[in-house]
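Below you'll find the structure, written out as structure tokens, and then a few comments.
In order of appearance the chains are A, B, C, D, E and F, and numbering begins at 1 in each one.
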């Protein structure tokens, strides 16, 4: 018996650790119901962020939601975060169980 | 002159970083050391306050707030005028210099202790107070007084940041417990103070070494600012301290506080409130120039000035 | 010369840190040959899990395997974990090198 | 009455948490502090045991096991009966109260030490023993004695959990090494004890503050249970301790142990063995009510009761 | 208004922590412009790597780049790392914002 | 004979690991402890060097480098010949045995201190020096002297690895600051030394327990090598130390250094430079056999040999 899954969008945001609280408050206001965060380090257009001290930490935030909401979130990030923060966002479709959770 | 071993730890970290050694301190260790240092400074201050009247502190608090605001404005004027920095960068960097560095304060305290020079216990309170005003003024300088700025939230963050919380909490505990109450926890917070500071400065050396790259890019103006600004601020601090009738030790510490520039609380606050400011600039100046200058040359200099003033 | 890849399923499980050993024993019993774990924090239907102390930590487990095995695993999780633990699972297809590893 | 500074650290953490300060202790620091505390308690106990016969301990061990089982059953009856909790929740919460809290024990030890009150060295052994029985009974209460329960694995986990391992290991080392053997490591484990405990309680305060939200949701019954249950347990503990002929210090500690509720070992074990129980309930009671009550008011009260009993 | 995204390839490498510096230097030489690293633990053909001490740590490296570059990187890893290091690599397509970053 | 408590901590960790206890030390704690130990050893050595001429050290440095190279070659010959190991595995494992273990050295220092036996302060320098040559020779043994090997980078890594950096940095600080300069940081680095070592060895016990599985797989030859090689190396070390005219304490330490096998710096270096070598083999021998053998039986034995030599 094949399991039942539905498709949702997984939005991943890699950004500076310092914005965590601000970003989570924004996500909350935009109706996000769940997210997962891991500590990260990395490199990109804003240079090396090797997590060697507070100002150089990254976080990696994952949000599973409907496609429309993911686009909403991205629109918001583009407006409020893209210009001034080290940030990379990407998305792809995933199959979820218990679709009512997302 | 004999170099204090804690300074040697700083230089060692700096050298290790510049030589690209693989030496790293675990982030949790650095964090833990800073918590112990902040609590120890607070406890020590509170213990002293327990033995004196608190009312005379109010004018002192007012005076150092004014001192911080003047420093911030001065720094902003220099960075905007001769420095030709963008408004946001100038405001954010000015806020760093109008605020204080706990590590610098700790080195100065150790420097005075090694020479048996006493100072007023309320310096820990002034340290906590002086962290905050420049943050708020820096934001105003960057963006004007706008409707949409959430000052409540900003104030909350400024006053309940980790540093201020630990300093004030430690002070309150020290004040309530008093010397005998603190005796059983002396082991961790007082006897180990200098060893903890040494390890902390080792990591500071590593962090500072990473600013050197940025410093090369920023050029001579930022270096000159990083050296000149603390000197101006120290003189302002000496002036205020003299008006307040501080002892030589207290004068030295107030000059050091004024001369010091924040590299923890202010960068984090500015990153959120003035995101268009480039943090690399402020940190290169505050960490790459001013911090080493203060702990290597500034503190003895400020003490010499303080003794001259107090003799005069 | 294009590289040779094959398709496998990547199953991601975000759940409470406290179940790590139990879950790994179960995965082992179900024939999982490899997995990757990162420490995480997050929020969802079971509230905020901010990793501020032991009871509030999350882990993020990734398992690359054949589609059929992924469905098997999900079936098992649904039966034994879904009801009582904070848990989110999702899957998507990935291209792997050295397919014999999975 | 003078508040112990370690209690002040707890209150400070609690206040910082309730005021939503950004203060956080690194998880590795909290972990490290708890390892040092557990080892120190074990070492101290083992050192004492080295100077006395071990055989008389056996009946004491038996007695405290019975004590734990009675407490667990009593708590279960209260939570199921008047409390109308679901079976799993009642069983899991009862297991918390039938077990013990090392942090509470450490505060009581520090409280006694500050007053120069001696106690039996085997209290550390009893502490380790008392962690375990309620876990097993709690599981039985939740699910009956089923075939598929893997008791071997459960026993292994209960006895080889971090807390019990460190206590027993420390005790064994202290017992073999004896006072002179331990002298060179006294620095870390004994001299720093109270400072380490202070930092640990700071984090406990932060953790407890997070339980307050949950507590509001759970309502008055859970609060009443969290206050009443330790009182009943303390009386039971005093009874058992009197039968065993303990000194006033020993009585105080046994009452405190009985009154204390686990918030580390038991939650983890219950989460795995009785997953349908809601951990928020047990933790709100054990951390949000009973822990603060015990360290703020309970310990002096139990000591007063113990002195009354021993004088009587 | 739907957001504008472009497709890139996300290459994920799970490998031993000890190679981090070496690997980053190699990526740099091969023209990688950005990456994200998280600490990880896991299990696979090289046994349990539970991060309990230095020699047993894993890292999880993510690189978003053009398909061709991802294949290049894999080719390089196959030649220089596959034989001797615990390593798993996989890839899948993702939609990115600001495609000029990758 | 009385077992040192730090050894008891090691045995405790070993037992906890073998019994599959859930005991774990946070990685950051282990890291922090090792940083403090390395700095403490360096500081102590530097403090001693401050009181003597440095020129006579040059021949000693030369001698221990030769000692390390001989050990490496001997180990390689044994592993390739009778052991029938593959070239890469033999070379990598030989490099472990040609290098040194700081933890073993620290235990020996504590062992000598507990017995009031003095030793030459330069042992810390020799320790730092002896970490390196076997790494370079091991690489040559594995792959010959090839064009594409980046010796500059390798040398950089070998000399600026964490261990060597901290030892040399600590020594430099101790040398500049001297005994009075170090007095205020004695609390962290000297008074807590043995307690820090105890916690460190607890984690070492846990790590060693994990090697036991691998050891079973590798069979008796590796165990025999892990026991025999340190004995040969200790004799070589005694010989060199006698030529250099060391005191009994110095002889004991040099024999211990020679007998000890690296388990941090060398594994990491070999993993990168000789990736085809299987790390499990080298670590099973060095951590699973040689480390416990040295701290449990080797050190007293080497000291006995050293006293015999120096009396003879």
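Here is the rule we use: contacts are C-beta pairs under 8 Å (C-beta built on N, C-alpha and C of every residue); 3 or more make two chains touch, one makes a residue touch a chain.
Just so it is clear, the model here is predicted, and its values are computed rather than measured.
Chains making contact with chain B as well as with chain E: A, F.
Note on connectivity: the fewest chain-to-chain touch steps from chain B to chain C number 2. Under half of the residue numbers found at the chain B and chain D interface occur in both copies, marking it as a different-residue contact.
Using the mean of the Cα atoms as each chain's centre, the chain most removed from chain D is E. Chains compared, chain B against chain F: the Cα-based superposition rotates one onto the other by 120 degrees, nearest 5. Centre-to-centre separation between chain A and chain F, using Cα means, comes to 46 Å. The centroid of the Cα atoms in chain D and the matching centroid in chain F are 41 Å apart.
The centroid of the Cα atoms in chain C and the matching centroid in chain E are 19 Å apart. Taken residue by residue, chain C touches two or more other chains at 38-39, 92, whereas all remaining positions touch fewer.
Among the residues of chain F, those touching two or more other chains are numbered 24, 26-28.
If you sketch which chains touch which, the pattern fits none of the simple shapes: not an open path, not a single ring, not a star, and not all-to-all.
Shown are all chain pairs that touch, namely A-B, A-C, A-E, B-D, B-F, C-D, C-E, D-F, E-F.
Against chain C, in their complex, chain E makes its touches with residues 12, 14, 38-45, 58, 60, 71, 74-75, 78, 82, 88-92.
The residues of chain D lying in touch with chain B in their complex are 2-6, 8-9, 12, 15-16, 19-29, 110, 114, 191-192, 194-196, 198-199.
Chain contact summary for the complex, chain E toward chain A: residues 2-3, 5, 8, 10, 24, 33-39, 64, 92-98, 101. Those residues of chain A that touch chain B in the shared complex are 16, 18-19, 22, 51-55, 83-85. Contacts from chain F toward chain B in the complex involve residues 26-28, 31-32, 35-36, 39, 156-157, 160-162, 165-166, 169, 172-173, 176-177, 181-182, 184-189.
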